[in-house]
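Per-chain numbering from 1; labels A, B, C and D assigned in written order.
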Amino acid sequence: MPVDLPAPIVRHERLNPEHFLLTLEAPAIARVAKPGQFVMLQTRDGFDPLLRRPMSVARVLPGRRRIEILYKVVGRGTRYLSAQPAGACLRTLGPLGNGFRPPAKGRRPVLVAGGVGIAIFPFLADDLRRRRLRPRLLFGARRKADLVGLEFFRSRRVPIAVATEDGSAGTHGFVTRLLEPLTRPGAEPAELYVCGPTPMLRAVGALAVQAGIHCQLALESPMPCGIGVCLGCVVACTPDAQGPIYRRVCTEGPVFDAGAVVL
Amino acid sequence: MSVARRPAGGARAALPARAKVDLSVRVGPLRLKNPVVAASGTFGYGTEFLPYLKLADLGGFVTKGLSMRPRRGNAPYRTCETAAGMLNAIGLANVGVEAFIAEKLPALRGHDTVVIANVFGETLDEYVAVARRLNGAAGVHALELNLSCPNTEKGGLAFGVSPPVIREVVGAVRRAAPDLPLIVKLTPNITDIAEAARAAREGGADIASLVNTFLGMAIDLRTRRPVLDNVVGGLSGPAIKPLALAMVHRVHREGGLPIIGMGGISGPEDALEFMLAGSSAVQVGTANFYDPTAGVRIVEGIEAWCRKEGVSRVADLTGTLRLPPGRGAASTSA
Amino acid sequence: MSVARRPAGGARAALPARAKVDLSVRVGPLRLKNPVVAASGTFGYGTEFLPYLKLADLGGFVTKGLSMRPRRGNAPYRTCETAAGMLNAIGLANVGVEAFIAEKLPALRGHDTVVIANVFGETLDEYVAVARRLNGAAGVHALELNLSCPNTEKGGLAFGVSPPVIREVVGAVRRAAPDLPLIVKLTPNITDIAEAARAAREGGADIASLVNTFLGMAIDLRTRRPVLDNVVGGLSGPAIKPLALAMVHRVHREGGLPIIGMGGISGPEDALEFMLAGSSAVQVGTANFYDPTAGVRIVEGIEAWCRKEGVSRVADLTGTLRLPPGRGAASTSA
Amino acid sequence: MPVDLPAPIVRHERLNPEHFLLTLEAPAIARVAKPGQFVMLQTRDGFDPLLRRPMSVARVLPGRRRIEILYKVVGRGTRYLSAQPAGACLRTLGPLGNGFRPPAKGRRPVLVAGGVGIAIFPFLADDLRRRRLRPRLLFGARRKADLVGLEFFRSRRVPIAVATEDGSAGTHGFVTRLLEPLTRPGAEPAELYVCGPTPMLRAVGALAVQAGIHCQLALESPMPCGIGVCLGCVVACTPDAQGPIYRRVCTEGPVFDAGAVVL
């Protein structure tokens, strides 16, 4: 069951000009969180911004008392959040959402990250390794500077392939280029775990569906409540006779099968 | 908001620390154990909040708006944050009245709280049909008519902006659901909301609830498109509180119905201000999103304030705002 | 506000760094060097801002509302801060039209900017008298009629809430001041603001400016009194931006007059959103209080944005909001 | 001429749970500020709170590059302000207002402070001493803890008399009790400089007018703009035939003669 608690900031580290790693003391959340779930995080006091911000649980620290959140400053809320000093307390609601499913039998888990979408994967990678499943990471970003958190995966010997849109690191181009090998006949059967900006989810999802590869997409959507009551965060799913079906990303997701959603 | 001024005339002594404050209120025929009700569309069907609070600790809650058939609502984006507020254009998505009675109501049994069913329709007939269906339903304690819904027979203009239409719809629903207290929820997108309240009263309403959301819009400069797929949406949250408060004040003086006030309430002080302005009870909406425990927090805060101020019955506060001499009638202009 | 979506269809290339952006706009008969005008009641009589900006850098400014005789206004408190906004009930204090012409206008000579005189009255005759007096005055480039003023002959109801009254007042003023561009400033406290705009057009207005403040109220819980001595006041600031934007969008589609839009504009993005929604120019009000350089900052920001987006004439942006297919008419409901 | 500039926080010291001393780098303001003037100070980014807050210039530091502001946390804005770390930049508009007049010939300057009203006096005290005028300080507060800044006046050998409402320091009662000696026949002619909550200004002003003592009141009022354009901050002044006259506290004040205002 999710809880709402004031979480003291234990550590707040600036990874680079745009990316921050936040450590919160939140035992009741850390104890029960699963990979792919998220929290609704207050960014500062008062009415500006009014709503909390959804943030993936990037990691549960050993001892299961603390969670890490990896975020990028993209607007007001995240900018204000980045100014919060250690010691400050942030209302934190979670864990929320369905989280990732384990890979189907005999399928190699492949984590596909776009930009700050990487934030959702450290938790999943640790979890998969505990289950003796050997995850791989395909990481696409605009430029080298956006490839945050690589050390984490390196230190855990997760095989990594990188692509950047400007070619400043790894393959030149979109992350989808790194997926092509998986679509070839005879390739090792894979279970894709994908998180990143919507256009990237759209591209990877389409490619996976076409190639018949299992594919779990972690979606984004503006989320006023995070607990399924405002009906604001919906995503369009495969329509039926009566037309489009909408599902709530917060409670029916954020993880959906690529085949189920229309992005 | 509080301003550095001479303290209230008869500043009373605080109540003894353990003295009981009577939080119960009567709103027309409706009795609530406390004046704090969760607002429609912000509290789901109630059970969603069980992880965060006891429903029995609230005065009651209002369900998401119910229509005859289930509705899937608008395409995304459906919401957008604004300065101290948010826009929504959910499109009145709901499970439909039958599924509500079959699946949602039973789950509420045993939770000792007042369940208010929010009703809307695209036609007068749909309003009537939904109300009639709920009139019998065990576990429904009152109806709230959402008049902000577009009237498909009148070119999409909201029912609630025309006093004659209000009178007609309310009258028809009153006859269709004679056994339940009838709350009429007024839209603020109207020149004189007191006139709408009087029309509701003439139609047979027991209570006026106000305000619903204000018509607003947000634009994404990057794409040069409206943020909401519906183009326009309803504004709620602290941004609208001063507007809602003025409307409650006006309806209290010139509307002739007991009031459940709302609009931007996020703390106990806000709720108490709405009561001074004339509300017998209040609803809390958007605050449930940024604080799922808002409702109970506000109940506790009201009790603490009453104890501090020596108020033994919260119901005594309704309409006790002190007006400057010669400022009786609510001015209509700044 | 910007939402993660596919970027605009024909995303254009940026202009060369030194390329000149044409910031000039035409609003009906009015020509402005740029679309940013300081709003009435927030910019004094202009000279107060000389320490902070060059008046010549603004598209123009609107004076504090002028009446026939000087007015001292309401007793304190006259203002109150609210969530992302503020309430004001100044009571239309001003030096009077004669003192304005004798003392304020001369001080504006030599400052190359458009001076718009804001006019109000408590009676139709006062509107006419003030307008006639200003019609001749050298240095006044346009009139803006404030219709939010209470009509003492109609029980204090604001002129601007009744289309027939709007038509009558605007018509009379049009005849009294035939030589000046006539801007009619609409009140948002009305069911359908487009109807008010059409009434103003029929009365002979050249331009509609919107919105004026929304009727609101604040309560001091400590004293249990209204914060404002006037009880109610007008809400302005970022809180009302979504409401103002929706009204500008609606008047653009159904009002039939060129628009000067305003309501909560605090940065260049806000101003540009108002232009997309249908404004030919914008006014900046409350922002002048918390940033005395707001006007010029917004002009500079608009130019920078146009350069980045490859827009060579800012006037081309007016009304270019991209609507979803089938969402032509502005919905009236969420 | 007032200026609007981004002022870096040089120092931000907590004097006690409610009172803070803020040092801002603001040369253009420090150079021209006069005792009794104030600044409009941004308390934090964004729209909550929307308006700046008026704060007296408590002191101009030697070198006239920095100003000090002494404030009490009473609400949202001041609470947010108190969380601003050194290094942060706050938009600051000033100096504003008329400031105090020097005492009339042969009159002993007596500074009368109520609570955080003390904030306006360090600057004035230094200025008077520079002019070889020997200020005295009468300081009233609710309780001992609210008597902030006394060291400043002690270090400058300003004679101090204290009154507290709860009797926890000095005379038991209101600051007006300390004024009584001045009203006695034969008392040294005084020029009162008064700053504090409105009820205290009302009491001291009345007493001074009645006793015929020169009295300059530094008023408070909510101030949206601080520069005379919103007409929001007015105080009622002695009425004429047409009724009450309203003056703007920001530009026609904040300092008014006790006889001129109706509080």
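We adopt the following convention: a contact is a pair of C-beta atoms (placed from the backbone, for glycine too) under 8 Å apart; a residue touches a chain by one contact, two chains touch by 3 or more.
Model, not experiment: these values are computed from the prediction.
Listing every chain that touches subunit A and subunit D alike gives B, C. A separation of 32 Å divides the Cα centre of subunit B from that of subunit C. Subunit C has its Cα centroid 45 Å from the Cα centroid of subunit A. A straight line joining the Cα centres of subunit C and subunit D is 37 Å long. Within subunit C, contacts with two or more other chains are made by residues 2-3, 6, 77, 80-81, 83-85, 88, 90, 237-239.
Counting partners per residue, subunit A has 47-48, 222 as the residues that reach two or more other chains. Contacts between chains leave no pair untouched here, as each chain touches all the others. The residues of subunit A lying in touch with subunit C in their complex are 47-48, 75, 197-199, 220, 222.
Residues 1-3, 5-8, 77, 80-85, 87-90, 148-150, 156-158, 161, 189-192, 213-227, 229-235, 237-243, 245-246, 249, 264, 269, 272-273, 276-277, 305, 320-324, 327, 330-334 of subunit B are the ones that touch subunit C when the two sit in their complex.
Here subunit A touches subunit D in the complex through residues 45-48, 76, 80, 85, going by the rule given at the top. Contact residues on subunit D toward subunit C in their complex (touch as defined above): 1-4, 42, 47-52, 91, 93, 221-222, 224-225, 227-236, 242-246. Residues 2-6, 83-84 of subunit B touch subunit D in their complex.
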